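Each of the next two complexes has chain A plus one other chain: chain B in the first, chain C in the second.
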Partner chain A sequence: MAIIYIDDKPHQADAKQNLLHACLSLGFNLPYFCWHPALGSVGACRQCAVKQFRTPDDKHGHLVMACMIPAVEGTRISIHDPEAVAFRAGIIEGMMQNHPHDCPVCDEGGECHLQDMTVMTGHNYRRYDFPKRTFRNQYLGPFVNHEMNRCIQCYRCVRFYREYAGGNDFNVFGIRNTAYFGRYQDGVLESEFAGNLDEVCPTGVFTDATHKHHYTRKWDLQFAPSVCVHCGLGCNISPGERYGTLRRIVNRYHGDINGYFLCDRGRHGSEFVNSDQRIRQARLRRNGQLQAVSKAEALEHIRQVLTSSSRVIGIGSPRASLEANFALRAAVGERNFFAGIFQRELRLLNRVLDVLRNGLAPAASLREMENSDAVLVLGEDVTNYAPRMALSLRQSVRQGPMAMADKLKIPHWLDHSVRELAQDSKGPLFIASIAATRLDDVASETYHAAPDELARLGFAVAHKLDDNAPAVSGLTLEQTALAERIAQALRSARQPLIVSGLSCHSTAVISAAANIAQALRRTGQPSRVTFTVPECNSVGLALLGGRPLEDAFAAVRNRAADTVIVLENDLYRRASVQDVDALLLGAKHVIVLDHLTNATSTKAELVLPAATFAESDGTLVNNEARAQRFFQTFVPQPDVQESWRWLRDAIIASGRQDFAAWENLDHVIASMAVEVPALAAASKAAPDATFRMSGAKVPRQPERYSGRTAMLANIDLSEPKPPDDPDSPLSFSMEGSPDQPPSPLIPFAWSPGWNSYQAWNKFQEEIAGPLRGGNPGVPLVEAAAQPQQEYVRDVPAPFQPGDGEWLIVPFYHIFGSEELSIHSHGVKQLSPGAYLAMNDKDAERARLRPEDRIEFTIAAISYQAALKVRADLPQGIAAIPAGIEPLQGIQLPDWSRIVRVA
Partner chain B sequence: MLTPEERQEIEAELPRYPQKQAVCIDAMKIVQRHRGWVSDESIRDIAELLGMSADDLDGVATFYNLIHRKPVGRHVILLCNSVSCWIMGYERLHQRLCKRLGVQFGETTSDERFTLLPIVCLGTCDHAPALMIGNDLHVDVTPDSMDQVLENYR
Partner chain C sequence: MFSIVRTLWDVFLHSFQRRVTRQYPEQPAYLPPRWRGRIVLSRDPDGGERCVACYLCAIACPVDCIALQATEDSNGRRYPEFFRINFSRCIFCGYCEDACPTYAIQLTPDFEMSEYKRQNLVYEKEDLLISGTGKYPGYNFWRVAGVQIDGKDKGQSEREEPPTDLRQLLP
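After this line comes the complex of A and B, so read on.
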């Protein structure tokens, strides 16, 4: 900490930071463009000028760019100095010369940093009266809209896209005031993080192309604090609604997880909420047809089913909230609750939880991953399986070179100086995965092999670190040398990190990662671990427990069960048609709760319209075992309700009146805390429904929300009372407390004068640091104080390619593999079709050619796909895209022959 | 596609630099010498040869106004519009040129004889105003002397 003087008053500042960071952290309004809290300083836009004085007696001072000057002890500056004020107004005026006067038709309007900064500098009258330069805009893909005329040449977009996110299909072209930011030719932006340009660009050059189709100004949207449901990382989001449809998703800052950025699946994957596949009314099978019925009829039917059947089982879901799963468990009883995933997956999840519980190494948040200076990725294609993590790993490779910067006393925030110094040096980041990944370009070394070989490499690294770890026999020279290099890098790091997870479906791989953490710990080198998990509540489901899915199939087969309640789970995506058919047709009664029509729901006897994440509240547990609450963004059509409410109503209908006490979400959470101690802490994920600020609720709508009186006037002239929300301390209204809510309750970022996303500045303890009062979420897994010392000793044997058979593994695709986001048009457009990929030499030997139609057989079911040939796939391994029709419900990895279809 | 000569000339430059990418400006100049300009296709081909993305290379190409990303006429006129020439009568030259050729800066005459481009200081301020046609420097130019000079370029 340092004392700096701003307009003659002393303030505390972080000496490791720059003056702009310091001023903003202290709450001053100092305008800026090129600086971004996550991208650092380049001093390009000249907008953040302040007057600096050498000594207390220096009356003259000189203009400096606040973002380029360290906030060292004794620094004296003035923000209000007339010369500085005039300079800043002049800069804006200069930028505005070429900026069109199109705010009213610009999607950025109302949440535009350029608007905010223009108002802040007081430049409110345009004197420039000449032609402006104009550009041709480009097609950049389904997610990002381009309107180059609005550019103010701050260079943030190229810095984010190329330097931060590692994309090279985007650049700045030309010079001077014709500098053009775009692609060499029109085309889909390749980066999985391109959507962030929408928030990174301080103007309306890059805006959300999907929002355009049903555009609403920020001030007219209703928001809620929410959590992304499209993978297991739990990025925080701020969904916005108007007129009963979900309009868009933007980032909700979380200092430990997503920071300022989301992946494009998270940002653009939520169109399913508005899908015409939505189930909006209960449907009951009558004469073989599913027909819409009222809520009362549905409940009456449930009463009949549940009171006449004694053998009811429930199948839960890793994409449903803790509360929904728990309510299902309460409805059917603990013994009859099935987790909705196979034993294989449950075992992997439990293995992950064991490692986290054991305390070998703390789970790293995404933010901590960025600070790791040596990383081993074991088995994961992070970009496709846990997308946002890839962006964090990309930053981690800068940690090594930062040491050079420290030596030369270059502050870390001086972005281009650090990058200039680092040049191409990066890492170390080792990626051991089945095939090439989208992070390979920043890897110091990559290694592609079968899952068992990846595990063996991991075990070998552990052994290199600690002789007591089991040795691996039969390693190739190449593996031994690589293991040595990895061990060496981890050993000499300040904060080594091991990333592993579920995507290659191998317990051995996870165990190998655990052994490395164990070895590092035992040799006195504390490390961190991170595991990826498949779905938004996989970890929550594993903590809740429940029997594996195959046991549910068996229960119906053995007639131990005759009624099945399926919670938000399309079983056909997990299990084979035969198995699911046997379950759904074998059971006397099938009740499905879900929000989208899918193969499972169409087979049900009764379908109950469940609310999506945008229409409900609940708790999700992410890959670090952090429980986070998501809140309802808007009130759905009358018959749609939260799964837990449907289940509560079902329980009451079945005659258990005591469940009437579950009046709101808090009651469910309280009862869950009693019944499932492992989930008790989940109640602390956010303030409960009774929480008030100065006696008022937290408004979901911005203060300027317009048209409330008019929006329903076509139905009724008198304005309806805003809906009640019994479940949360948020109101469906612009009325409520004007104060800043606690971090889990912030629906959207706004602060007087700060309408853009940059308003997050005003919610943080310090810029780019934690939100005030701490980042949202509570850990559900406590690491043991005394970790168990044992190594896992079952090292797998070397992988043996099959004789005429291949080990088929699933490859995950950020766009396409996930169940809900595929309903978004853009995601669908970018998703691959069905394919089977194999190594080029294998293909040659099997006399197969690219695009040949091939067939493979798993569990006696044959599937067809087009052949892809990839040199990066190890021999003996074949890959198919996970979750992509019609290759669904296949349990992998498994062996199969691959033959050409005549 | 790059011609074998172009490829050979580019590859001959490679050993001079620690990184392939460093050759990118020379490579574009080589292609431009052969073809008069650098097309989108050439950008792609050169980028591939040097292990860059087309976007990387085009960022460099468009930074330099002497890399022509559009076809040019047989003769490129580079008219200096920096301060000395401006003081010494650049504007009259500019007007005369535009009128005579019927083109503005950045355009090519319909007979593809001339392309007119502005250029920064040619380093011959003591003989301003100046212009270049192809590789020839012309100094102390007046509108009338310029008319004559142009006649030499068919």
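After this line comes the complex of A and C, so read on.
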């Protein structure tokens, strides 16, 4: 901490930071463009000028760029000095010379940093009357819209896209005032993080292309604090609704997880909420047809079914909230609750939880990953399986070069200097995976092999670190040398990190990662681990417990169960057609709760319309076992309700009146805390429904929400009262407390004068630091104080390619593999079709050629796909895309022959 | 007593004075052009819908009686998919006209909009759109804005240079 003087008043500032950071952290309004809290300073836009004085007696001073000057002890600056004020106004006027007259039709309008800064500097009338330069736009894919005339040449976009996110199909072209930001030719932006350009760009050059066809200004959207449901990381989001449809998703800052950025699946994957496949009314099978019925009829049917059935079982879901799963468990009883995933996956999840509980190494948050200076990725293609994590790992490779900067006393925020110094040097990042990944370009070394070989490499690294760890016999020379280099890098790091997870479906791989953490710990090296998980509540489901899916199939087969309730789970995506058919047709009654019509729901006897994440509240547990609450963004059609409410109504209908006490979400959470102690802490994830600020609720709508007396006037002139929200301390209204809500309850970022996302500055304890009062979420897994010291000793045998058979593994795709996001147009456009990929030498030997139609057989079912040939796939391994039709419900990895279809 | 008699006398004298009551509606009232009455949506000089669905009138409206939804034609021209004013709420303050960057929304010297049913005071775009430019004849937003629409390429707006040729390197 240092004392700096701003307009002659002393203030505390972080000496490791720059003056702009200090001024904004202290709450001053100082305009800026090129500086970004996550990207650092380059001093390009000259907007953040302040007057600096050498001594208290220096009356003259000189103009400096606040973002380029360290906030060292005794610095004296003036923000309000007339010369500085005039300079800043001049800079804006210069930027505005060529700016088009677009605000009314610009999607940035109302949340435009350029508008905000223009107002802040007081430039309001145009004096420049000469022609403006213009540009042609480019087609950049389904997610990002381009309107190049609006550019102010701040360079944020290329710095984010190329330097931060590692994309190389986007750049700056041209010279002087004609610098052009785009691709070398029209085409889909390749980066999985391109959507962040919408928020990074301070102007309307890049805007959300998926928002265009139902565009709504920020001030007219109803927001709620929410959590992304498209992977297991739990990034925080602000969904926005208007006229009953979900309009868009933007980032909601979380200092430990997503920070300022989301992946494109999270940002653009929620169109399913508006899908015409939505189930919006209960449907009951009558004369073989599913027909819409009222809520009362549905509940009456449930009463008949539940009171006449001998044994009811429930199948939960890793994409449903804790509360929904728990309500299902309450409805059918603990013994009859099935987790909705196979034993294999449950075992992997429990293995991950064991490692986290054991306290060998703390689970790393995404933010902590950025600060790791040596990373080993064991088995994961993070970009496709846990996308946002890839962005964090990309930053970790800068930790090594940062040491060089430290040596030369270059501050870390001086971005351009640090990058110039680092050139191409990158900190150690080893990626051991089945095939090439999108992070390979920053990896120091990559290694591609079968899952068992990856595990063996991991075990070997652990053994290199600590002789007591089990040795691996039969390693190749190459593997031994690589293990040595990895061990060396981890050993000499300040904060090593091991990334592993579920995507290669191998307990051995997870155990190998645990052994490395154990070895590092035993040799006195603090490390961190992180595991990726497949779905948004996979960890929550594992903590809740429940029996595996195959047992549910068995229960129906053995006639031990006659009624099945399926909660938000399309079983055909998990299990083979035979198995699911046997279950759904074998059971006397099948009740399905879900959002979308899918294969499972079309086979049901009764379908109940379940609210999506945007229409309900609940708790999700992410890969670090952090429980986070998501809140309802808008009120859906009357018959659509939260799964837990449907289940509560079902329980009451079946005659258990005591469940009428479950009036709101808090009651469910309270009873969950009693029944499942492992989930007790979930109640602390956010303030409960009774929380008030200055006696009022937190408004979901911005202060200037418009059209209240006209939105519904076509239906009825008398405005309805805003809907009640019994489940949360938020209100469906613009009225409420004007105070800043606690971090889990911030629906959107806004502060007077700051309409853009840059308003997050005003919610943080320190710029780019934690939100005031701490980042949202509570850990559900306590690490043991005394970790268990044992190593896992069952090292797998070397992988043996099959004779005429291949080990078929699933490959995850950021666009396409996830169940709900595939309903978004853009995601669908970018998803690959069905394929089977094979090593080129293997293909040659089997006399197969690319694009040949091939057939493989798993569990006696044959599947067809087009052949892809990839040199990076190890021999003996074949890969198919996970979750992509028609290759669904296949239990992998498994062996199969692969033959050409005539 | 005297004052009462005097008042009666005054009233009596008034019956010989000029009538001020106007025989409305046979005798229409003169309303100045800037009178703030019934709101219309005007067209640009080319006959296209002027409103670009920017939502500024809606946010400016103090009683929140304007609701609309933006949409775009396939060539990037934005317009309101629906545009609704609830005149039973409107206080004819004219803030919407003030806020409108395209001169689309205008208040007119007409106040004859009483209805037997309040519901009929809800006007949709079809009820609001007029066929001309209203008070502001010349202005066409699209000729000033930088975006490209059907019939107006990049660089063809007022005071615009032709689109930059990115392949030339002259300083």
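The criterion applied here is as follows: the second predicted complex is superposed on the first by the 902 of 902 C-alpha atoms of A that agree within 3 Å, B and C clash if a C-alpha of one lies under 4 Å from a C-alpha of the other, contacts with A are read in each partner's own complex, and residues count from 1 in each chain.
Going forward, a residue touches a chain if its C-beta (ideal position, glycine included) is under 8 Å from a C-beta of that chain, and two chains touch if they have at least 3 such contacts.
Being a predicted model, the structure only gives us computed values, none of them experimental.
Q: Does chain C touch more residues of chain A than chain B does, or is it the other way round?
A: C
Q: Which holds for A:Val172: it touches chain B only (first), chain C only (second), both, or neither?
A: first
Q: Contacts for A:Arg183 in the overlay, against chain B (first) and chain C (second): which applies, first, second, both or neither?
A: Only chain B is touched by A:Arg183; chain C is not.
Q: Who does A:Gly802 touch here: chain B (first), chain C (second), both, or neither?
A: So A:Gly802 meets neither chain B nor chain C here.
Q: Touching chain B in one complex and chain C in the other: list those residues of chain A.
A: Common interface on chain A, chain B vs chain C: 173-175, 180.
Q: Per the contact definition, I'd like the list of chain A residues that touch chain C in the complex.
A: These residues of chain A touch chain C: 100-105, 109-110, 129-137, 147, 149-150, 173-176, 178, 180, 212-217, 219-220, 243, 704-711, 713-714, 716-717.
Q: Considering the complex alone, what residue numbers of chain C touch chain A?
A: For chain C paired with chain A, touching residues are 52-56, 58-59, 61, 63-72, 78, 84-86, 88-89, 101-102, 118-119, 121-122, 124, 141, 144-148, 154-155, 157, 159-164, 166, 169, 171.
Q: Which positions of chain B touch chain A when the two form their complex?
A: Touching chain A from chain B are residues 40, 43, 52-59, 62-63, 65.
Q: Any idea which chain A residues touch chain B in the complex?
A: Against chain B, chain A makes touches at 168-175, 180, 183-185.
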